[in-house]
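Okay, so chain A shows up in both of these, paired with chain B first and chain C after.
Showing the complex of A and B:
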């Protein structure tokens, strides 16, 4: 035990606030590069949260998970996204389907709702460190909001990764995290899924010169 | 009892898939495909025998098969064989028409086997984390298959499919995390197997109902997206209609059922933790919405494969209704419907692929006189369509009847009435569409060649199962279904 439980809880709450802040940066960013850098920073904070929990609980698995998170989600996935952006030379502006002030209002409603939901839970809350549960719920739902309000493939991928960061944050804080092998399997799925999405984006670019998320021929 | 078959079963298609990557000859690939699928069916039948003899079997601490799993396993095995047999003739035709490039065939077949392997892991896993990992694995392998042709429509469908179902089932992961957290809290710490369904279900009545409720909602939305329950079904008609036909049969017949399997596992946990009313109500709501939402789209549809896609939404809704009505009869009916719809829908997609190949279009208004140019496939089309519409003596009639009976017994008259009204409308719509297609005189451009042997063989196999289950459910399947319903009802 390098950290007292009290200090760990406070650190997790600070990191949770940073995760929320980066999430709002992603939601409000008008440029693709900024959204990608924000999601990379978010994954880095997630890795630090894993390290804090590892130090607090003495759980060796969490150190490994923290390292993998930073390697896969803060370095590899943003690198992949930036590579795809350079390859397809798309316009870097993000056009919103829903006006920005409406999305921000929705995001605020999500935050309030998530914390309200958390307050209604009983004794089981002790099993979760700090405010990890409402922060996780908020990240997941705002990630979906990002995906729904933007018609750009790469922004939708950023929203997806941010959503998954929320799940990992809650998973780490619940009873010392999931078994190591499961965490590794989940991260492997995330990376493979991202690669397949990248392939699809590139294939559409090379054949019809359009953003894959903007195709609308299948209806009814 | 431990059984090595549980980890061998998914390993076989994985190994066959890897070997296929080294093979370039089409005949050799087709032979491997059929042999590999027969091996899968044999292994699943072996597991079914062990479960029948010894009760639930486990392996490696993370795999487990009980009677519920056996139903889904046998369905995956049977459909893998039917699709492999049909692919022999279908693929020859596709290559001849230039729809499929011969040098890319090995990738196609390898992906299909990878896809089957991930479905088997989904159904066999006891560990809820592995269940999720395998479920996401099915998305990754099948998304590549949906976009395999590489045309604009296929890629669009593949994108919608992977992005919507990945975000969808990440909700499922969150729900899994919450349920696991509640279980670890109740058990006072983490131990090996703490994430297993069997150990969580054993302590389910002691779990915190508040957190399980939130967890089950996330799981229902997550795996419900993957199962194609409305209003989360938007990707389904696109993906199921744009995929190569054998893949459509597997997606509609087997994959969406595997997602329901995930929901069933969490339903049994939620039943003990917060009482049956909560998860029953949620299943009922999703079920009735699916049936109602699918109906207008079925009526106005002209694209044959999209029609079948919307039909899957309807039938997944019926399974959810059966589970939601609950009781032995409703649950038995829902599980029987899993099998019946899987078999019938695979048959319908295989016939549809044959018809689309002959007419060179998917528009049902341009397909006339199918019975005249392909008498055997035409007959099978009519049988499949009448079964989907719920007519006796075909199997879907029996399971729909059981679902309705359970609804009346449970006193849920409004959902039953809505369901019956929708079924009548769908019957009319489907008979109209298919009648248009089967009768009349075929266009001169339609291909009138001899019917390929292997697809007919595969369709006949599926039709035989469909009629068998419609007239008389043999003793062994009946016993498996009954004890599976017992596990779910508790």
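Showing the complex of A and C:
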């Protein structure tokens, strides 16, 4: 117990605000590199949030999870994504399925939805977490929005990571840490998924010069 | 409880300070920008020289312009200076002051009025570039003003008033001024400040290239003392925006009384806050390129959603 509950709540709230801001940067970025840097920053903030919770609750597992989060999600995965981007030499512009202002309006709607939902989930909220539950739900849903509204597979991966960050934040804040083995399993899943998708993107790119949107034309 | 006369005097003194210092802030931003780009740059008093030069020149006016056109610069300057009078610069107002000066909604409204007058003047002169500049400026204004209101409201909810001075005073006296929503509101305000001051991702204050200018396009038809009024209004608007950010987010160092030491401290604190924000403007302006105009709504949309999030975190 290095931190008082009050200070931890405030720190988690501030980190939640930073997570939301990086999420907006991912959603609104017009360039692939910026989205990847933003998701790396988001994972770093998530790791710091884990460390704050660990200090506040004295849960040793959370320290390990925070370290793994920063190592795997803030450093390794962005590095992998940047490497793939350089290798396939795709255009750096992000192509959106729907116009950007519609996406931003949807994001605003998601925020209202998440906070409205939060009001009916009163018993789940705990003293230490503050606004973590609606923030986490917002992150998950906006991550899904990124995945749904972008054409490029790599940006969809960024959306997946962001969504996963949201799930992590919610889980950490509400249950004050799931069992270590589950958290590690989840992170491994994400890393594995990223590796498979990265390799797939490289292979698809090298064998057929195709875009995800081109797959539409395969439908009978 | 102070008298209304004393309060009016202080308000006028603060507005005068803002108007007098506004060209200097522009000069400082230009100087720092030049230094960041490894140029020597013009002296920081160059904006004053430009204003003095313009005041000595004669006025010419388009044949198509109506008599109202001549009144536009004065009205723009008047609206902007009135907006400047509403901000707490040196003094924090006492609770229950005699004159309720400093409402944030009126402040934003006055800035919108200045913008509207400028656009009307540009359309009145009948030049093609003026019309184009006005159209673009109003498009930007459409995105900036609601976001600005949302950001101000998110602070006002915490302070329990929409009076900027009282907000600064109450938050300055509370140790717990900073909460998570403030962070998002600050990000939103920094994005909006770039647009409000006509700085680079949105507008380029240095360009007179027809296709890219927003604000400058509306000034093309003005000349002489009229142009001087509008240019001064632009400087003041920039400082008003910076002072608004400072009052809402850095409400420290405001004087309570009239002791010289206290006033000197308040002046130094205000200078430091404005210098910090001016440094931010210079840094952004040197490190980013101007956005294509159709990308601007996307950039400002981030500010809008940020401000919305700040309000949601505070209220919901």
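In the analysis below, the second predicted complex is superposed on the first by the 211 of 220 C-alpha atoms of A that agree within 3 Å, B and C clash if a C-alpha of one lies under 4 Å from a C-alpha of the other, contacts with A are read in each partner's own complex, and residues count from 1 in each chain.
Here, a contact is a pair of C-beta atoms (placed from the backbone, for glycine too) under 8 Å apart; a residue touches a chain by one contact, two chains touch by 3 or more.
Quick caveat, the model's predicted, so the values are computed rather than measured.
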So, after the overlay on chain A, do chain B and chain C clash or fit? They fit
Check the residue A:60 against both partner chains and state whether it touches chain B (first), chain C (second), both, or neither. neither
Name the contact category of A:115: first (chain B only), second (chain C only), both, or neither. second
Between chain B (first) and chain C (second), which, if any, makes contact with A:25: first, second, both or neither? second
For A:98, using the defined touch cut-off, is the partner it touches chain B, chain C, both, or neither? Pick first, second, both or neither. neither
With both structures placed on chain A, which of the two partners, chain B or chain C, ends up touching more residues of chain A? B
To the nearest 10 degrees, chain B and chain C lie apart, as seen from the C-alpha centre of chain A, by 150
Going by the contact rule set out at the top, does A:5 touch chain B (first), chain C (second), both, or neither? neither
Using the superposition on chain A described above, determine whether A:179 touches chain B (first), chain C (second), both, or neither. first
Least C-alpha distance (whole Å) that remains between chain C and chain B when both complexes are overlaid: 18
Touching residues (chain side chain A, partner chain B) in the complex: 117, 120-124, 126-128, 136-137, 140, 143-144, 147, 153, 156-157, 159-160, 163-164, 166-167, 170-171, 174-176, 178-179, 182, 185-186, 188-189, 192-193, 196-197, 199-201, 203-204, 207-208, 212-213, 215-218, 220
Within their complex, chain A touches chain C through residues 10, 13-14, 16-18, 20-21, 24-25, 28, 30, 100-101, 104, 107-108, 111-112, 115-116, 118-119, 130-131, 134-135
Along chain B, where are the residues that touch chain A in the complex? 127, 129-130, 132-133, 136-137, 139-140, 143-144, 147, 150, 152-153, 155-160, 162-163, 166-167, 170-171, 173-174, 177-178, 180-182, 184-185, 189-190, 194-195, 208, 210-211, 214, 237-238, 241-242, 297, 300-301, 306
Inside the complex, what are the residues of chain C that reach chain A? 179-181, 183-184, 187, 295, 297-299, 301-302, 304-306, 308-310, 312-313, 316
